[in-house]
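Two complexes are shown next, each including chain A; its partner changes from chain B in the first to chain C in the second.
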Partner chain A sequence: MVSAKNPVLVGKIRSITYFFNFTIEIFYQIIPTFKTKNVSALVLLRQILFTGVEALTLTVFAALVIGALIIVQASAINPNFVHSQMLYSILLIIITRELATLIPALIVIARSGTAISTELGNMVINEEVEAILSFGISPISYLVVPRVFALVFSLLPLAFFFNFIGLFGAGIISFLFYDVDFMDFVLKLAVELSIKDILLTISKSVLFGLSIAIIACYNGLSVQKASTEVPQKTSRAVVESIGTIIFIDVLLALLFQI
Partner chain B sequence: MAIIEVENIAIRNEDEYRLNGVSLSVEKGALLLFLGSYESGAVELLKSIAGILEPDSGKITIDGTNIYAAKSLEEEIYRRSKTAFVFKNGGLISNLTIMQNLILPMNILYKDFSLAYKEKLIYEFMAIFNLIKILKKRPSELTQDERKLVGFLRAQLIDSPIILMDEPTANLGVENAELVYNKIEQNKRSGITQLILNHSSENFIKLADGVVVMEEGRIALTCYGDELADLDIETLIGFRNK
Partner chain C sequence: MKLRLKYTGSFVSGFLILALIFFGIFITLIMLDKKIFTEKYYFKTQFADAAGLSSSTPILFRGFNIGRIDDFHLTDENNVEAEFIIYEGFQNKIVKHSALNKSIDPISNASSLTFLEGPDRDAVLPEGSFIPSINSEEGAKLLASGKIEKKGNLLYNILTNLDNTLEVLSVKDSANQNVLKITIASLNVLVKNLSSVMGKLNSLADNANVLVEDNNSTLNQALINIAVLADDIKESNKVLKSGLVHLDTLIVAYSNPGGLIKDIIDSSGTLTGNAGILLEQSAELATTINKEAYKLPVLLNNLNTALRELNLTLEAINTSPLLNIEEKKETKKAFGRKINPK
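Entry: the complex of A and B
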């Protein structure tokens, strides 16, 4: 039985309850956000620009290098690997099912998750959140909902870009250095690709985007008074986000195996 | 006629009370001066009345309606339009320009006004304080005086019948403090209800219709009307510094 006298346990339960209520409030505020779109659209566009567009270069670079490296490393172990049918299954498992969502999610955590948590934390300290509240705007509707949408809408294309460029990188390396016909590579990959792979990418991207945004916003807004709390909350947001996406990744991998 | 009714409100912050059983009635058009240290709960009381800090218990009504019981977004916005809050450090949104900062509350509260009309209104207000040149700047590019003044003007722009202020003249230069003081005096003549938390009580006491001294989350002393003439400023300062 939970003892009410255990302050650590009580604190943890209270924190989980706050987080749960915060998440429910986000969904509750979606309609009011659309009603006040004249003020929240700018926040959404800025966040999509920062999270999606500005992260594209790093995502493309990472995808290209990782796709190429998979071929190089696998061929070092088994030179016939690139000519086997297994190449396509392995590429789809590693790139499409796992890395295409995980790497962009990690990039988004490093760039946007930290930025959101820091920005919101500083806004609390500078009484900006209270100012927004005083105008009759819910901070959840003005600050959180646009960021949640932006992260989901940004992560999904980033995952597809990573997927496409990663596989393209693997194909180019196979063609240039291992004498694999590029068109043959593309066709075999297309045959091997299943609807399940695409569904997994979509569901992971949406859930990763949701959790990164909610965790970053929650930690940013839970700053109380001191500016020293901001880096602490930001670091906490990063750790919690990484833990959460790994948990979701495992859960979805298991679900899609059934 | 009371425009603000505060009934037995309490705010708890973890294990301590920031406000404990506070009740207050404010007449329409009155200027009330609040005195109290940072821990006194005066800021929390003003923020509760402004709809920023919801009390854990008790009720706050403005014009007869409970401000924390709005049933729709429209109702909530209508209720919030009754009050404006001046933050101690301006409370400006750092990633918006000054013009965007001033337009933001108007976009919510006065959706039907055209953008041109809102901008005209902003230019007129900013001209009074000679601040037109900073409209395209961001808050971080302004001096502390300018940030405070913009925060003060933003609250005036909303055209609310009640304005609550957290130290509107603190740390302001003499000239700017005088401009703010004059605007508060003008507001009083216009019948706007003003609740001011200010440590320079010596200035505002001349304008005040009442003084509320707060201590440890409770109202320790209230003085209205003729009682103010007999009030010893030194006693108030003593309360304030406790």
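Entry: the complex of A and C
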């Protein structure tokens, strides 16, 4: 009765149900994946190489520039601001709590999210996924689970790189242009740094990595037959990933505030 | 690329190990700041309230972080008992007649604990000793005896003194309050009576209106009401007279400079002392403001520049052709029928 009246709504409900089943299946396939570690380990390592190591240059550059810019902008408001303790709180709020996870996540979406979605989409069109199935291998176990793990294990180190380099950049600029002693900078930063900041970084990175990988894989594997579907699904994966990470970011920020 | 694929394992391991090192640096920094590896000495204290206290509130001594609050709880006697830690190297500062001063910055609302060292630096107290806070009775005695000197935020001190002054002004046991109470009670009765008279006057006016319509019985009722009203006015007059007598007594008492006015403002003499401190601190504040005053022209100049730039920006926005909102296009019509845009 509903399908006859509102096919769009039915389509949405069906899509959400597929997505949840897909997510559950990924978690269900984690143990079989590690049993076939010889094949999956290589996929995992190559994915970390592409997602984490190759994104490092851009992440480090962004971190260094943002860290330095915060100091420059803060000193533009008031030159003495660089010497106040409040600067360290602001640095940690901006870099550690927000940007250290958000910027690497956006870089990963732009580089790896699109790549995963396109790669899997093309594999479906070329009937490679069917070939994997015909060998009795689960495509979730072979294609999806390693990518999910790879994205989580790439985003987490990238977040720590961003944190370290961002704060280091801010320290270097303060030392070079505003006569702030570097050791003094580190000690004052340590006063403001709390275990909550580290926990927030870890939890955000893990959730961002999981959601980006699952959304990209789901969209890639949902390509049906036409090659024109691939770019459509890829752009959809990007939009959904960005929306999801923003939602998770807000949710975790609120949770950690409580 | 081939090289990268060949050494994928090495690249990935290096990447993960480096990230682990950064993670380790962060954890070490936190541990060093929280002095996790430093030996700690535990002491006890008591506060009047737990406002602004947290389990990590630092204890400062001449700007140095010498310890922190470890735990605090409310006792059956409604006191806040706290246990605090003193870090290694500072335990010798905990001497006899020392105290803690808890102050809350009125602007940032952040609390801080300042350690006030006792006069005898050789009388070091053993671990677990009780160090009073200056909010407690013992602490107040130490402060009054001059064994410790309270130093803190200037603004906080001014506000505390103002608070004390207001407390003095709201004296509870003054004998003068009786006169005031009687006067206020009399005035209250008078107001009630006047209110009743006004009610009856209203009723009279209503009756007079009806009288215009030639109703004899209503006229009689109106005359009765006038008689009752006259009696009420007589009663009110008596109360008013009594109230005025009390007011007169009060005015005479207050007109004498050495009389009630002195007692009500400064019954215990604390106000004069506080006002003195307040004036000293205000003078100090004024000096500080004077020192900073030279920055004002620069600030105003910057503000002026900023406003000029804002003006230019607003003009640019105003004249920007990109931001002109075009009027909505009229719905196209074909053969007199509307086409619904989809």
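Here are some notes:
The rule is short, and it goes like this: the second predicted complex is superposed on the first by the 254 of 258 C-alpha atoms of A that agree within 3 Å, B and C clash if a C-alpha of one lies under 4 Å from a C-alpha of the other, contacts with A are read in each partner's own complex, and residues count from 1 in each chain.
Convention: a contact is a pair of C-beta atoms (placed from the backbone, for glycine too) under 8 Å apart; a residue touches a chain by one contact, two chains touch by 3 or more.
Keep in mind that this is a model prediction, so the values were computed, not measured.
When both complexes are overlaid on chain A, the residue A:195 reaches chain C alone and has no touch with chain B. By the touch criterion stated above, A:49 is placed in contact with chain C alone, chain B being left untouched. Comparing chain B with chain C, more residues of chain A are touched by C.
By the touch criterion defined above, A:156 reaches chain C but does not reach chain B. When the shared chain is aligned, no partner comes close enough to touch A:228: not chain B, not chain C. In the superposition on chain A, A:164 contacts chain C only, with no contact to chain B.
After overlaying the two complexes on the shared chain, residue contacts for A:134 are found with chain B alone; chain C is out of touch.
Across the two superposed structures, the residue set of chain A contacted by chain B and also by chain C is 46. Touching chain B in their complex are the following residues of chain A: 32, 35-36, 38-39, 46, 119, 122-123, 126-128, 130-137. Residues of chain B that touch chain A in their complex: 47, 50-53, 73, 76-77, 79-81, 83-85, 87-89, 91-95, 104-105, 107-109, 111, 151, 158. Within the complex formed with chain A, the chain C residues making contact are 4-5, 8-9, 11-12, 15-16, 18-20, 22-23, 25-27, 29-30, 32-33. Across the complex, chain C is touched by residues 42, 45-46, 48-49, 52-53, 56, 153, 156-158, 160-161, 163-164, 186-187, 189-191, 193-195, 198 of chain A.
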